[in-house]
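Okay, handing you the structure first.
Note that the chains are named A, B and C in the order they appear, and that numbering of residues resets to 1 at the start of each chain.
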Amino acid sequence: MDVFVLNMLNGVSFGFILFLLASGFSLIFGVMGILNLSHGALYMVGAYVGWTIAVKYGLNFLFAALMGGLAAGLISLAMERGFFSHLYKQLNEQVLLTFGFIYILTNISMWVWGPIFKAPFTAPFLSGSFNFMDWSYPKARVATILIGLILAIGLWWLQDKTRVGAIVRAGMDDKEMTMALGVNLGLVSTALFFVGSFIAGFAGVIGANLLGVNLGLGMDVLLLALAVVIIGGVGSIQGALLGSMVIGIIDAFGKALFPELAMFTIYLVMIIILLVRPSGLLGRRV
Amino acid sequence: MEAVTVEELSKDFGGVHALRDVSFTVEVGERLVIIGPNGAGKTTLFNLLNGQQSASAGRIYFYGQEVTRMAIHRRAHLGMARSFQIANLFPNLTVLYNALLALQGTQPFRFQMFRSITAYKSMFARARELLGIVALWEKRDDLVQNIAHGEQEKLELALSLASEPKLLLLDEPTSGLTAAEGAEIIDIIHDLGTDITVLIIAHDMDLAFGVAERIIVLHYGQIIAEGTPEEIQANSRVKEIYMGIEEGKEIAGAN
Amino acid sequence: MKTASPKSIRQLWQGQLVPFVPYIAITVIFIILPPLLPSYLQSIMAKILIFSIFAMSLDLLMGYTGLISLGHAAYFGMGGYTIGILMTRYGINSFWIGAPCGILMATLVAAVFGIIALRVSGIYFLLVTFALGQLLFSVAVKWYSVSGGEFGLGGILRPALGIPWFSWNATSFYYFVFLAFAICFFLLYRLVKSPFGHALQGIREGEVRMRVLGYNVWLYKYVTFIVAGAFAGTAGVFFAYHNGIMVPSHLGVITSGLVMLMVILGGLGTLYGPIIGVAVIIIMEFYAGIFAPERWPLILGVTFVVAIMCARAGIGVYLSVFWKRASLIWKQ
């Protein structure tokens, strides 16, 4: 298979995992102004829950993915109801709080599942590769691209074409006004928080064959989400998609061309964007 | 000597024209009052004058020097000062330290990193004077967030006087004050020397007509009238615009 | 004026003496007590002082200026790694070469990172400082030949002071650290009381107003960022000597988060607050190490959450308010 196409596909499939992760992160930040640093930890918990169901108990992969999402979503609800709602408008406190949650979630995961990394896994019917003439590509990655594409279209449609999306965008622009118009922004925000976290947990299972299942995921994945947000800009599906694709592709080509320096190319692009266009490529404002 | 010259100044916010082709000059020592309905662009004009926003087009000259793109803090050093309509103070610091920070802002020792601030006795003496003007010296150790609203507005004015500016931009200095407090402010403004040029945004007509030597009327970002207080009072277009406002004020006043 | 009766003289003494009790207690604990303690406790106290320098430097940035950084360990780690590299790769053991180099390296990194981070503000600043710290962490993990990779740099000895008859023990090392702490505290104290220091608070309270008043706010932030980095590097230098080993996590978000927790717990915007926060966390860490070493991150996370939700002003500030009230009651 042509090396260039191979790297592109690798980049795009990785990019879609990032997109799943970062879209929730970005929207939560854009709408609620909460930077949930434990978003990566939610991904991790989703991955572990999914592993338990799919690998340990051998159940259906899709079910595992949905359970992973549910676990992450429920945890996020508890965080929101129990803690964030008491810290209305104190953004710095909320952020530091989520940082504490990273420690808590990571350590509890270690307690439950043990410190040893779990092997990457995927659905049994997705193992192996598609073979088409002299082209061969892992089925799991193709599935990732498809799922990512479906979700991207779905989320974009939700954002731009539905009433809910309009409410969310209005809330981002002017919270007071939106609330004054009788919109229960609190409910919408909570729902959004749940959905964003659910997608993160879901992504943890889908991405398990790419990123594995380990305790370092909380931080590693957070950094990637951060890079997406900084490069692509906050608060829009398009921004999250662009940022994810940029990072995914750079990472893939970086690994192929300079294997030792792959991570640094991401950092480099982040720094360049920050110096040149701090609000991100499609961002709203700094 | 012209203190301020503004030429064809415009400001757009993505389609909204906050200011359009505004041009005027201000003589040194003049008391110029800017009036106009809400949204006329008065505060935007101040923001452009002191650098908090950048103009979309046009030029601003201060004592002959072009300052259109100059950074905010550098304009302060040239002699501009500004007060904010909603008191923009330092809430968790005491009244005294609010004043000290204002006094320090144009002093070279503001970069001093080792000597204690208490060594600068002359600055403390000036703070006493400054707070004395607005009768806040007794409250100097109170946190700003704990003093009354009217006192905050007075402190706001005091801070803008701290740097002994050549140009004072006062944005609705009597808003939120009682009639008595408002009169105090007007007295303070009257006592300012003729080497200070004063531009005032006013909704309070007592303030406007009590202080102004000249009035500019803004409406939808453009100057629609300019002249002495008498000329403006006689101007039918201005009256037309304000009729609606006066009615609204009466209704509000009744509440 | 009342005639002096025995009762009121006693009350006068108490009124005058009581406010000094904290200072006396501190002097006793930190200056007089250590030689009497077992060496492992002296080591803990030295660690408390080292982290206090680190925490005060972050407080300068966070509490006084309002810049919340999640990558402050980068400069701490740079200071320590410089010592480690000089010692293990070049055999340079001298304190008089190592310490200045370590502080200088930390300062340089802060100067570079500051330019990038200060392009943005608020929460973005937090993210960027986080990312920059992790960048340095990744460099340390990858660059095996210089940094020893994942395993870090071990075998860092106590520094050579160039004094022929001198050799280290727990007590002499403690006082060495104490001296460094005292100097750093003094310098930071002067900084905070200076016109510059007060301007920082103004920036925290109202950036726009400060600009209008004539302050070049960006410059103040940048200088503060560098100064904070320099002090963090100083702490890192002494940490290397104390710990004997530097690993990549000393550069990354784990350590940045730890020191941030210490500052928040102790009280933002004061110099003594962070010291109390440091002491609390290090003592907790010590006991956690005995009873539940595996759960330390969990305890830390819970402490983080509790600190933010409940003790927002910080234990240090509460203690000082409590002490002032107690003094007033005593006086009567």
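To be clear about the criterion, contacts are C-beta pairs under 8 Å (C-beta built on N, C-alpha and C of every residue); 3 or more make two chains touch, one makes a residue touch a chain.
Just so you know, these numbers come straight off a predicted model, no measurement behind them.
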Chain at maximum distance from subunit B, centres defined as averaged CA atoms: A
Chain closest to the middle, measuring from C-alpha centroids that were averaged per chain: C
Whole-Å gap between the CA centroids of subunit A and subunit C: 34
Centre-to-centre distance between subunit C and subunit B (centres being mean Cα positions), rounded to whole Å: 43
Intercentroid distance (Cα basis), subunit B paired with subunit A, Å: 48
Residue list for subunit B, restricted to those that touch at least two other chains: none
Contact set on subunit B toward subunit C in their complex: 50-52, 71-73, 76-77, 81-82, 84, 88-93, 97, 100-102, 104-107, 109-118, 120, 159, 162-163
Complex contacts: residues of subunit A adjacent to subunit C: 29, 35, 83, 86-87, 91-93, 95-97, 99-104, 106-108, 110-111, 219, 223, 226-227, 229-230, 260, 263-264, 267, 270-271, 274-275, 278, 286
Touching residues (chain side subunit C, partner subunit A) in the complex: 68, 70, 116, 119-124, 126-128, 130-131, 134-135, 138-139, 142, 253, 257, 260-261, 264, 294-295, 297-298, 300-305, 308-309, 312
Partner subunit B, residues of subunit C touching it in the complex: 190-191, 193-199, 201-202, 205-206, 208-217
